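What follows is a pair of complexes built around subunit A, which joins subunit B in one and subunit C in the other.
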Partner chain A sequence: MRTARWLVPASLAVALLMFFRAPYLINAAPEESTMGAVQKIFYFHVPSAIVAMLSAIVSGIASAMYLRGRRPMADHVALAAAELVVLFGAVVLATGPLWARKAWGLWWVWEARLVITLIMWMLFVAYLLLRRFGGPGSDVLSSAVSLVGAVLVPFVYWSVNMWRTMHPTTSVVPSLQPEMMKPFLWSLAAFLAFYLALLLTRVRLEKSRAALEQAFLALED
Partner chain B sequence: MIDVLRAAWLIARKDIVVEIRNRELAYTTLFFAVACILVFAVAFVDDMGHAIPGAAAGILWVAIAFSGTLALGRTFERERQSETLRALLLSPIERPAVYLGKLAALLMLMFAVEAVVVTLVATMFQASLGRAPWMLLGLVVAGTVGFAAVGTLFAAMLARLRSRDVLLPMLLYPVTIPVVIAGVKGTQAIFAAEPNLDLAGMWLAMLISFDAVFITLSLWTFGPVMSE
Partner chain C sequence: MTTTTRWATRIRGIVTSTIALAMGNVALAQQPQDRFQPLSQQAQEGISASPLLLAAYGFAWAAVFIYVFLLWRRLGKVEHELADVNAQLAKRARR
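Up next, the complex of A and B:
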């Protein structure tokens, strides 16, 4: 974790600079012909969704590693990533309805991708609640939950897609116009840098917290 | 392998014998399921006295999921009260055997309750049981196995925690959502005015693969999770 010492401020600085520049780029991007200015929320909505998904994968892998090897570091990463899934997932779930209200006329529809996002987000909220209220030993239990969650993903996709399909497809991003693609990639890079900074900071915090707890226990004995 | 199955059978038999002697879980779970059906009937029966389309299947699966959660919590509460869970884990048998035994006993209980609940829902909501009995049986059995497979793992994990009663449904419902969707949609396809058995078959296939994956995963995780 020695690299984190310079990596955190570096990625944070990059993210902040990029976020500062992003509104100008987004403003300069052409307006979508049918949706108009509302479409611009896309530059925040989609990168948040990508980061949340990435974070879920990070948490799942770290949990599986913790369950096998019981290395505390894996658990710290799993927890930090899970918290960030909830954070970025909340951004996704808040910006989505804002867009949908204008584009579809409804705040929420029971459409496949929305339901999947909501279920996965709830699963990680449950993970955090277990961590928070589970008491001693909840680190092992919650890593089992995260692992089950990771295996669950294809089934959630399968069932919800069969249940509800009517939706803005995954093929939107590759087919973007170049003028829209540039601010999109810019936002995505900014979000990724921001994510990295948050993740590393949170892992470090968790590591210090665990060390403090160890020291406290040692003092008591 | 034979040892594991034999140990699992002994644990399941012990649970079933305890249950047959006092019938606590069977009675409370069944009563709770019927109470659920009653509450939902108030919401989903229109002024003409008919249920809204598709309601029967939804009510059936919500009753199964809710009463199943109740049964799950209680089976492990029983083990915890007299510290027998620790004894079970200390006994010289493989961890997966404990899981399988608990799962089998829970399934027996849930099937017994479901036999009553399915009949009751069918009579109260004019759904035909004779239309595709094997398909319906398959959906209910496969759905219950999927629900109980994840549920037994979580209930065993949480048995030692103080806040287990709140945490169990909170973890269980998001994870078993594919089971509920498949169960409800498959049953709706059978109960509909124009039944679609091919669709029900697709949902059944999904449930069976869910069962296979999650039983395997639970067998793998049960050991590490219950190791303390």
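Up next, the complex of A and C:
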């Protein structure tokens, strides 16, 4: 736990410093030729999506480990990561339509990328609802839900290449011009550092809760 | 009124309402377009990018800050309770 103690404030400090610098870099980045200024939503829409997908994979792997070994730590990580999928997924699902309204003239289109992302996000919302209201045994059922959510991640990523959609394809990011790539990578690094800080803090909360339950049981005996 | 007359009335009613509905649809479908309006540059630029960009930034920042605040509050509460219960356990052990 000694590592986690310095890692949380360190990653939080790095993330906050980077977040405060990011708007200047994004402002300095050139406007995209067809979409104009609204394309700058990209600099936090895509990092949020990457972090949400990463978190879904973390939650899925931790859930699989919990289902196999029933180790409480795996369950804590799965729950913490699932909550962060909902947070960053909400950012993706809110910023996407704002971008689409200007770029496509529509808030929402029922196409593959958007629908699979929405389903994945709703699965993790269901996970949290199960944990909150499911009662005894909900940890196992919710782990299965989290696994299904994690399985959807490759479909979310490759949906734009597999089906014809209005959403930009995965080739956009590797082909970014250097003046657009720099703020994007900066923003992505900030989001990843922030995610690490949040994940470790959320896991700490779950560990404290488990310790509190044990302490209450010991007090009752 | 005989059964045959009743059925004839019902069928006539159904046929009449179906024709009326169909004619209404035809009337709607055949409404002529009285002018063509070109998609002007002004119409395309009708939606300004700035409010959408600001709304997106605002939402992202608000969501993250609210989450951090709630997480910090939950953690503080649980750790405070844990310290209290541990203190009670320690007091009991000393007795």
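Going forward, the second predicted complex is superposed on the first by the 200 of 221 C-alpha atoms of A that agree within 3 Å, B and C clash if a C-alpha of one lies under 4 Å from a C-alpha of the other, contacts with A are read in each partner's own complex, and residues count from 1 in each chain.
In this text, a contact is a pair of C-beta atoms (placed from the backbone, for glycine too) under 8 Å apart; a residue touches a chain by one contact, two chains touch by 3 or more.
A quick note: this is a predicted structure, and the numbers were derived from the prediction, not measured.
In the superposition on chain A, A:V91 makes contact with subunit C only, not with subunit B.
Shared-chain residue A:F216: touches subunit C; no touch with subunit B. Judged by the touch definition given at the top, the superposed model places A:T201 against subunit C, while subunit B stays out of reach.
Shared-chain residue A:G137: touches subunit B; no touch with subunit C.
In the superposed model, A:K102 lies in contact with subunit C only, and not with subunit B. In the superposition on chain A, contact is made by A:I41 with subunit C only, not with subunit B.
By the touch criterion defined above, A:A126 reaches subunit B but does not reach subunit C. Contact with neither subunit B nor subunit C is seen for A:A13 once the two complexes are overlaid on the shared chain. Against subunit B, in their complex, subunit A makes its touches with residues 67-68, 119, 122-123, 126, 129-130, 133-135, 137-138, 140-141, 144-145, 147-149, 151-152, 155-156, 158-160, 162-163. Note for the complex: subunit C touches subunit A at residues 47, 49-50, 52-53, 55-57, 59-60, 63-64, 67-68, 71, 74-75, 78-79, 81-82, 85-86, 88-89, 92. Of all residues in subunit A, only 23, 36-38, 40-41, 44-45, 48, 87, 90-91, 94-95, 98-99, 101-102, 105, 194, 198, 201-202, 204-205, 208-209, 211-212, 215-216, 218-219 touch subunit C in the complex they form.
Within the complex, the subunit B residues that touch subunit A are 150, 153-154, 157-158, 160-163, 166-167, 170-171, 174-175, 177-178, 181-182, 185, 202-203, 206, 210, 213-214, 217, 221, 224-225, 227-228.
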